[in-house]
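In structure tokens below, several structures.
Two complexes are shown next, each including subunit A; its partner changes from subunit B in the first to subunit C in the second.
Right after this comes the complex of A and B.
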């Protein structure tokens, strides 16, 4: 019921935007075709790239390629970043050891790593994955670290009092206690992954949504630019939604309603 | 053998670059299966005393021991009930109680038996799979008490366990704790600043001075309670109306009032 009404709101807003777009470009011509393509053109471009392909491949190949890069960069960043953040939050010594380096690396925008990544790894996928990794890594670490620090002190003391041993402490107290912040970090990491993916693919990529953007800009093909942008949006929204589903299942205690 | 023993315990904390004496030569023993309540003005170091028995805090000089062993770290032999409950929000009622039992390495069947016993005793039936945030404050504290009792500890340490509850819930919890304590006598160190609560629950009441906290006097409640047969009354208000109760309560009140007067 609730989900249904929210979905219909989203669809309604989308439909209204398309109507507005249609009115502004096709019916009234208020916005000229050089600035914004008409809905029909965009649809035709979509059909063209989906069936015949554009820029070295068909749409699904580009989408899958981008998804693969994001998945790899994001996964590696999370698998390294979350444990590192948890460790830094738990151990003062780890914090003292790692934090200075981290503070120095943090202000460097992920895109500033692109030249170095190209020098190290060339123009292929590996360089792009590295840049996505760097972008996704930082929010994972920081939020996991904050998550540990935010665990209620009496709860930690209760765990010690109950006689918890080291391993189960990590699994049963440290991780679940930090989980809300860990997921905040994952969401930010995912966002950063998509942002950097497109930027990384703008340079010397054969496949991917960013490469379509690049190619279409060179061809002065605004309708195709819009198709690529729309698909970046769809991919980002879908993966974020998936992460939300994982989050709800990982933390059932946050979603159970009050009794009575 | 005395279960909890404070021997010449002093504690200083550093504040604004100065060492501030908080507890001054505390000598106190709690006998086996005895229920001792500590009352005192706020800031006199009651919580610090309890935390030292728990192993969450340490004396600057002197020693704290439980069952003859000096306290060096927290452990399940000294179960703590915190004022803010300190339940694991990500664990159900059942899992919260089970946590300490698993850490102790008890076999599954025995754990289930113990959990069922305390779920029943603390009126938590039907709520086994609920998460803490789904429960009222009073129920959460009952889970925390069940979790502590289930450990079968040598000493129970409670720091104003009912301080965060509303007045009605508090009364119910006090009555339940009395029933539990009489049915299931344990060594209890109970911190409170509510005088009635101390007199109603405890075998002995320790009155502390304002900072630096010292043991001012110790009153024997148990002998009065037994000769006047307080436990025949089910309700706390009936006990509180008894002349013997009123007498003890005002004695403690007066003693505490002197401490507040000496504050400034």
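Right after this comes the complex of A and C.
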């Protein structure tokens, strides 16, 4: 995010952090093991969960399970949310009709849906997909809507004057014009998906990164908590990076402009 | 294409009414035809009356206003800390490149960890009373506060900084008198985003580790399979979130108006 961070400085700072951590926990013992685990313990926990498993499964099973749920909830939310947002942005009538429901439901934080989802669907995967859907849906709709509204009016008028067909209008004007905002929405949706999934899994799940966190918290096993947190971060960063790659492919003209 | 005929105000009003009524009609019909058992899908007016009832009758150890107060106390602490640390740090990072280089890698490597994932450590370090949830609210609200204040400081026109340097004012006054005023719109935008994320993180924290508060109330409603309590709690949480946003928007308008007058 920030400018001016060279790779060497980044590595230096991260190395310094790990040394500091090692000194504080292992050499001097300033921070007790019940509060912050030692680096070696974290590594051992990582090896333990990767080979023997912890909390109903091995690490890759937990990671894959969480990834699967995020992918499902996110995909459904995007496939419904983006077209809905485009439609609301394009048609004032659709906006007037749909907006009230949206305004009523939008202020409720996605995490507050978790208890309702559990009451309705139980502790299984369906409840998690529902809350991820709710979390990812709102940013998709809002940003697609804003994207359409930001298209220059002359472009819309020119398209109409040239007698464009409805289908090509959507494909050649509406979608490309709002694509930058759509991707902003997708990035926010993805972030919200991970947050809600972790929360939902913390409350009750058999598999998943959140369930490792929950299990480790109950066992008072700080090293395992840290392993799970690190993997929550890695999964979030990886999926965000993937989305960035898709974005670069989908909008090659932006990349070209950046090069010029 | 609907662009062809402009919509009249009356048509707009009618469609808005239809949309609002439609939402409640669908809800009523679903409940009426026993789409789900009444225990799982109460009717809208039942939820509303439950909301009123919760203000007088304690549930999960307290009445609704007390839960709300407990939540707001934690929220004020967590969000306050995030603003008090995040905004100055962002400005300093915008001013001093070395600080930027030192903090950015740490910040970037922690940024992708969802705020709720801090819950176990928060409970371990600060308990489940006020401290634990406060840390999670902080984790949710801190990044936007920092990022926006940093961006605001970075967007200051160089000529102002050069003028300040030429006039020989020190770093402290450069920050308080040049960077901060220029960054105010961006900072406020960041505070608003942070306030929203903080409120959401609060609910998450209270769902998992707390012994009072709105999140605690709805999770207790869930274990009692009292859907009306869960829904009433969701409405109250949403309403407070809106109130916080409106308050910050008012503050924003006032500050920006003040700027234009100067």
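Criterion: the second predicted complex is superposed on the first by the 241 of 260 C-alpha atoms of A that agree within 3 Å, B and C clash if a C-alpha of one lies under 4 Å from a C-alpha of the other, contacts with A are read in each partner's own complex, and residues count from 1 in each chain.
Heads up, the rule we're going with is that a residue touches a chain if its C-beta (ideal position, glycine included) is under 8 Å from a C-beta of that chain, and two chains touch if they have at least 3 such contacts.
The structure displayed is predicted, hence computed values, not measured ones.
Looking at the superposition, the partner that touches the larger set of subunit A residues, subunit B or subunit C, turns out to be C.
Of the two partner chains placed around the shared chain by superposition, subunit C is the only one that A:90 touches, whereas subunit B remains out of contact. Of the two partner chains, subunit B and subunit C are each touched by A:160. When the shared chain is aligned, no partner comes close enough to touch A:150: not subunit B, not subunit C.
Using the contact criterion defined above for the overlaid structures, shared-chain residue A:108 touches subunit C, although it does not reach subunit B. Annotation: subunit A residues 160 touch subunit B in one complex and subunit C in the other.
In the complex of the two chains, the subunit A residues touching subunit B come out as 152, 154-155, 157-165, 168, 172-173, 176-177, 179, 251-253, 256-259. Residue ranges of subunit C in contact with subunit A, taken from their complex: 1-3, 7, 11-12, 15-16, 18-20, 22-23, 36, 40, 93, 97, 100-102, 104-121, 123-125, 147, 150, 154, 199-201, 203-204, 207-208, 215, 218-219, 221-222, 225, 227, 230-231, 233-235, 237-239, 241-242.
On the subunit B side of its complex with subunit A, the touching residues are 54, 56, 73-76, 78-80, 82, 84-92, 99-100, 102-104, 127, 130-131, 133-135, 147, 151. For subunit A in complex with subunit C, the residues that touch the partner chain are 1-6, 9-10, 13-14, 17, 34-35, 90-94, 96-101, 104, 107-116, 118-120, 156, 160, 166, 169, 191, 194-195, 198-199, 202-203, 209-210, 213-214, 216-217, 220, 222, 225-226, 228-230, 232-234, 236-237, 240.
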